[in-house]
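Here come two complexes built around chain A, the first alongside chain B, the second alongside chain C.
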Partner chain A sequence: MNFICTRKKLQEAVNSVSKAISNNPIMPVLGNIYIKVKDSQIIFRGYDLEIGIEHVEDAEVKEEGEVLVNSRLFSDIVRSLGEEEVEIFTEENKLVIISGNAIFNIRWLDTAAFPKLPDVEKDNKVTIKTEYLKNMIRNTIFSVSTNEQRLILTGALFESEENCFKMITLDSFRMSIRKEYILGNEELFKFVIPGKTLNELLKLITNDDEEIRIYYESTQVMFEFGNCKFISKLLQGDYFNYKAIIPKEFITKIEVNVNEFREIIERNMLVSDDGRKAPLILEINENILTANTQGEAGNVTETLYIKKEGKDMRIGFNAKYLLDAIKSINEEKVRISFMGETNACILTPQNSDEFLYLILPVRIAS
Partner chain B sequence: MSGKIIILDEFTSNQIAAGEVVERPASVLKELIENSIDAGADRIEIEIKNGGIGYIKVSDNGKGIEQEDIPMAFERHGTSKIRQISDLSNITTMGFRGEALPSIASVSNVTLTTRTSENEYAVKAVFEALQLKSITKAARAPGTTVEVRNLFFNTPARYKFLKGDIQETRYCTDIVLRLALANTHAAFIMICNNEEVIRTNGDSELINSIYGVYGRDIANDIIKVNAQSEGFSVSGYIGKPFASRGNRQHQSLFVNNRYVKYPELNISIERAYETRIMKGKFPFYVLKLDIPAQNLDVNVHPAKTEVKISNISDIFGKLNFIIKEALDKEQEVFVPSSIKPTYIKSEEKKEEKNTIIDFNDQLSKFSEEVHQIQQNSNIFNEQKTEYKEQTKDNAVNTGKFDKENIIKNEYDIKPYKIAGQIFNTYIIIDKNEYIYIVDQHAAHEKMVYELLKKDYENRTVISQQIMVPIEVVITSTEMQFISQNSEFIRRVGFDYSEFGKNSILIREIPSTINECDIKDAFKAMLDDMQNERKDKVHTALYSLACKAAVKANKKLDEKQMQYIFENLMKLDNPFTCPHGRPTMIKMTKYDFDKFFKRIV
Partner chain C sequence: MRDILLVDMNAFFIMCESRRDRTLLEKPAAVAGDPKYRSGIILAANYEARKFGVKVTMTVNEAVKLCPNLVLVKPDHNYYEKCSKQVFELLYEYTPILEINSIDEAWMDVTNSKKLFGSPIDIAINIQNRLKDEMGLWCSIGVSENKFLAKMASEIKKPLGITQLYKSDIEENLWPMPVRNLYGIGKATSEKLNSYGIKTIGDLAGCELNYLVKKFGKYGLYLYYRSKGVDDDPVAAVDSKNLSCGRMETLAHDITDIRDAKKVMAILTESIARTIRAKQLGGSVVSIQIKYNTFKMINRQMRIEQTNLTKDIYNAACVLLENNWDEDKPVRLLGVTISSLNNNDMQLSLDSEVKDKEQKLENTIDKINDKYGQDIIKRGNIL
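For the complex of A and B:
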């Protein structure tokens, strides 16, 4: 194996694939980066049996071949190099890396022991802009369940709906739904991607302005964008029938300024951020919303002018749940609809259905 | 009281608790020693043989008995200590019934040798089964000696109830040591089968009597208590939680210098240790309670081993608080004595190599982990809040019971640095001259437990509603148990409804535990409550806390470690988990310096 490539390309490749290489791999061989040189391309791979990443860069290839190198060492070396071109070749049992006046000799291993990345058929495809996907993930990932007992809920549901691409996550206390319109997508799909996968995917997408192609099968999914292929297992089983729990009738609806409300919540959390999770109590009285927290460290009360329809009411929440949702809203105003003091409330846009956050309240001991 | 012995009139004697006075050799000893104390002795020598069944001797340097009074002393109700029943309300002597000597003498052979300081010679009276056999002159320094032989020789039924010599000896030494602790102004010497077993020096220092009785090693295990309050005062020593024992042998409570059993007071003291010591362990204590004589009724039990305190409910709460406060002030972290590096002798060359490599390897791994975490964040270096060293004074301040006097740990804890996590199980806290090694599970568990408990007690629990009711399948016995305890379960913060015959649907959970597996936690709570019906609240909250707490073998980020440590340190007693195991251990720089032979 022998090729010449810029340090920048090497760096990008290593950054990508190392997201699928754990510091503490289950099998020692998975602590390596797989490098394959073929035609005029170098293919880098990392795989931890849950997710697999393949990154391709072109290079000046002198001799084809493939090796495994220790991921930590190789990454450190690449990071340390200067801006010159890098020449890499095998010499018996050594991998020689030359850049500028520096010559590294490191060990390489035979690729036979490295597990093959799963093949994903390209029959079923959804396409979306990276920026949209990233935002959808960011704005829902926080409510993925962490309870391993119901494994399916530790993932996010990807679902199609009349030219729409929907993402749903829910844990025991709240639910997040995001929707993006994608034209020309007739296919119906529904699959659940592990939360951990999405977190890694978020880090991997660096360019906001490209298409990402999502290929899915019954047990796995592949995201293809830029020079990358990102493969993950899917979670198996029926996702929760989430539509059934979205309330339809409300006794009170209010409209608040997103930024103002976010700041109020943050200020309230200053006194509730202890182990006890003192609730944030919202009181709606005519057109005034009063937010109040009685914490261990102290208490805080703040009022906000709001638009209101329906009855006055009083309700308590875990402030963090409200904050997670409100922080994900990229709009000036949000509508909050209540069904009663002991029922879920929902946060929606004023005139669309791009998002829906549902949060369950706490019962306040009287 | 005049020295004269009189026979109490019938009206008076009828009002004194009647019944068995002498049950076993130890009760004879108790009566005789108390007589010596009443006689003003400050030196008491005790000797026993065959567990006291064969022979008991008690000699004192007290005021002695006039010869003419001797027959009276052996009459029932013959006493010099009270005249009428109303004297009892002001009693300062141990005796008052005039029952002890006749009771003892009627079941044994007694020889009394006594001399008052006014007389030049002593008299010696020999009794056999209460019959005065002879009375002769004898030589002796002022004081009294009573010898008791052949106990129960004429009452086979009593004799049969005695245990073996060894056990009776134990009862005897036990009572003597308690009386020695009660009367620190008197020197006690006890000889058992010709061997000295107890010696106290009578210098009125309780601590010296404790050393005399338990040995000097106990010094590190005890905390001094000294507090006064309206209606009573208490002084003495209590054991540190880690020095607890497997039984209650090492608990002595004295009320106005009387060694008594008082279950309510014992509970009040032991409750203060709750959550600090493990199940089945009992704290050490030697405590003296002083209350005004008019609040004390000593005339409740024929053997005088019980008393009644009129304002007991008041004292119950205050005593508990005093003990708790003393324990909180102590705040000593458990320092394991077994952590010692093993050094390799130069002869063991072959082994040496392996061991050294091993040791170095571990060390570098350790520092690597520490380094890694330090790199991740350095925000802790910036915390430079002033830190005041807590005063070392262990004694509880007098008088005040208001909470404000207690210095909380909260602000004392900074500055510190999270040095890292090891084995994914322990958090290392660097606090300048020492380190804490915190058990992440035990620490978090303790914190959650205290939060749950506080909310439970104050009825301020916050219940988080859940999206999809959680179905828990249970047996019909469990169902029954749940409905019996429904009010309790709701107060903890759960809301549920029955769902068919064999399951319930949980709709709300205590918000403090919203990050754990509810089904699992609820079932564990049910199981534990059914197994341990005594302390329902503690058991239930503990099992929830256990489920909600982070597990061992879980990697934590810096924020999580900080959250656990800081919230833990806000608690009154952060150093033990709800079951009394340590939440953290402490090692000083000095320890490390010693390990590495920087200092010798």
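For the complex of A and C:
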């Protein structure tokens, strides 16, 4: 094996594939990067049995071949190099890396022991702009459950609905739904992607302005974009019947300015011990919303002018849950609809159904 | 200076029994676990029985050998709790600052009660007489300036003692005692201290602070100050967040089958869940205790969503059992505890609807059991 490549390309490739390489791999062989040189391309792979990433770069190829190299060492070396071109070749049992005046000799391993990345058939495909997908993930990922006892909820549901691409996440206390209208996708699909996969995917997508192709099978999914193929297992099982918990009738609806409300929540969280201990209590009287937190260290009260329909009411929340939702709303105003002080409330846009955040309140001790 | 009393009920369980059966007063009698099994140990012995050498934690067999006419009474914890409540209600008449230390023991801060009820000694005499006359229960009272000395004082004369112990008296009264007698020192610590040549509380008081902290860490601080009679701890109702509720059971025979252990857990979790439901508390840390027939004991815990449902606590206890069960180690005692109790605001969850139903069901079961007697309704898993 022998090729010449820019440091920048090497760096990009290593950054990509190392997202699928654990520092503490289950099998030692999975701590390596797989490098294969063929035609005029170098193919890099990382795989932790859950997520597999393949990254392809052009290079000046002198001799084809394939090796495994220790991921951490190779990444450190690539990062340390200057901007010169890098020549990499095998010499008996050494991999030689030459850049400027630096010459590294490191050990390489035979590729036979490296597990093959799963093949994903390209029969079923959804296409979406990277920017949209990124926003959908960012605006829902926080409510993925962390409770391993209900594994299916540790993933996000991807679901099609009349030219829409929907993403749903929920833990026991809240739910996030995001919708993107995408024309030309007639396929019906429904699958659950592990939250961890989405977090890594988010870091990998650097170009907002390209198409990402999503190929799915019953047990795995592949995202194809730029130079990358990103393969992940899907979570198996029936997802929570999330539609059943969306309330339809409300006793109170208010409309608030998103930025103002966000600032109020943030100020309230200053005394609530990270929103975990003292609940944020919202009191709605006529057209005034009063937000109040009685923390151990102190308390804060603030009022906000709102539009209101329905009854006056008083309800408590974990401020963190409200903040996560409100931060994900990229509109001037949001509608909040309440069903009662011990029932879920929902946050929706004024005039569309692009998002829905459902949050369960905290029952205030009498 | 503060005025602190410690009221310690004498032979509490058996004295409670004597309230229901006056004849027990004249005979040697003891409350004990089921005498048929070896798990039967003496839980409380009256003073007639103590004359024969019968002691708490002795097995029933040993006790009967010493005192063949010993009357054995089966324990009735519900009744003792009821009596205990009545005792504390009487104590509350003298001060609102009361700290319940156990079912039969409480500290009182009477610093501000003197104008109404007289000197601390007068208050102690008054309390002791009223408990005896009105309720037929005996107590020993320690009178001092802090909780620690009050506790030590109460131990000096039993039964029906009233003992004062102030810092100025400790050289004479406290220091000659063996370290084992110091409140807060167990068997292991006293053995360790003895091995360093520290035999009496006086020896301990003579130690450098640095030395004790080096040997015992933070606990060294406790030893240093207590041996000098210093204790600034206020008498206070304990913060409910730090409270816990637990139960342990010594088994009738050693078990190795986890299915048996789960049955025991079902009974224990039902009991503690019921207790915290009655107090309208919920807890979020479940721990289990396993004592092997080698007397080695382990304690394992896990965090769960705040709950007071038997099912949730039982499931957590089973997870802990499964993770720690070793079929090669016979088990003689099992326990379960729920802690981080509080009655604060409760985050509702998507499972709340199911939970609400379960909550109602369990409350109903509790009510029926309260009305018609313990365990009229039992869970399938303990049959």
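Throughout what follows, the second predicted complex is superposed on the first by the 363 of 366 C-alpha atoms of A that agree within 3 Å, B and C clash if a C-alpha of one lies under 4 Å from a C-alpha of the other, contacts with A are read in each partner's own complex, and residues count from 1 in each chain.
Definition applied: contacts are C-beta pairs under 8 Å (C-beta built on N, C-alpha and C of every residue); 3 or more make two chains touch, one makes a residue touch a chain.
From a predicted model like this one, the values you see are computed outputs, not experimental measurements.
In the three-chain model built by superposing on chain A, chain B clashes with chain C.
In the superposition on chain A, A:46 makes contact with neither chain B nor chain C.
Of the two partner chains placed around the shared chain by superposition, chain B is the only one that A:146 touches, whereas chain C remains out of contact.
Between chain B and chain C, more residues of chain A are touched by B.
In the superposition on chain A, A:363 makes contact with both chain B and chain C.
By the touch criterion defined above, A:318 lies against chain B and chain C together after alignment on the C-alpha atoms of chain A. In the superposition on chain A, the residues of chain A touched by chain B in one structure and by chain C in the other are 170, 172-173, 175, 240, 245, 277, 279, 316, 318, 342, 360-365. Interface residues of chain B facing chain A in the complex, by the touch rule stated above, are 447-448, 451, 454-455, 459-468, 470, 495, 508, 511-512, 514-515, 517-520, 563, 567. By the touch criterion given at the top, residues 305, 343-352 of chain C touch chain A in their complex. If you check the complex, the residues on chain A that touch chain B are 146-149, 170-175, 240, 245, 274-279, 316, 318, 342, 344, 358, 360-365.
For chain A in complex with chain C, the residues that touch the partner chain are 170, 172-173, 175, 240, 245, 277, 279, 316, 318, 342, 360-365.
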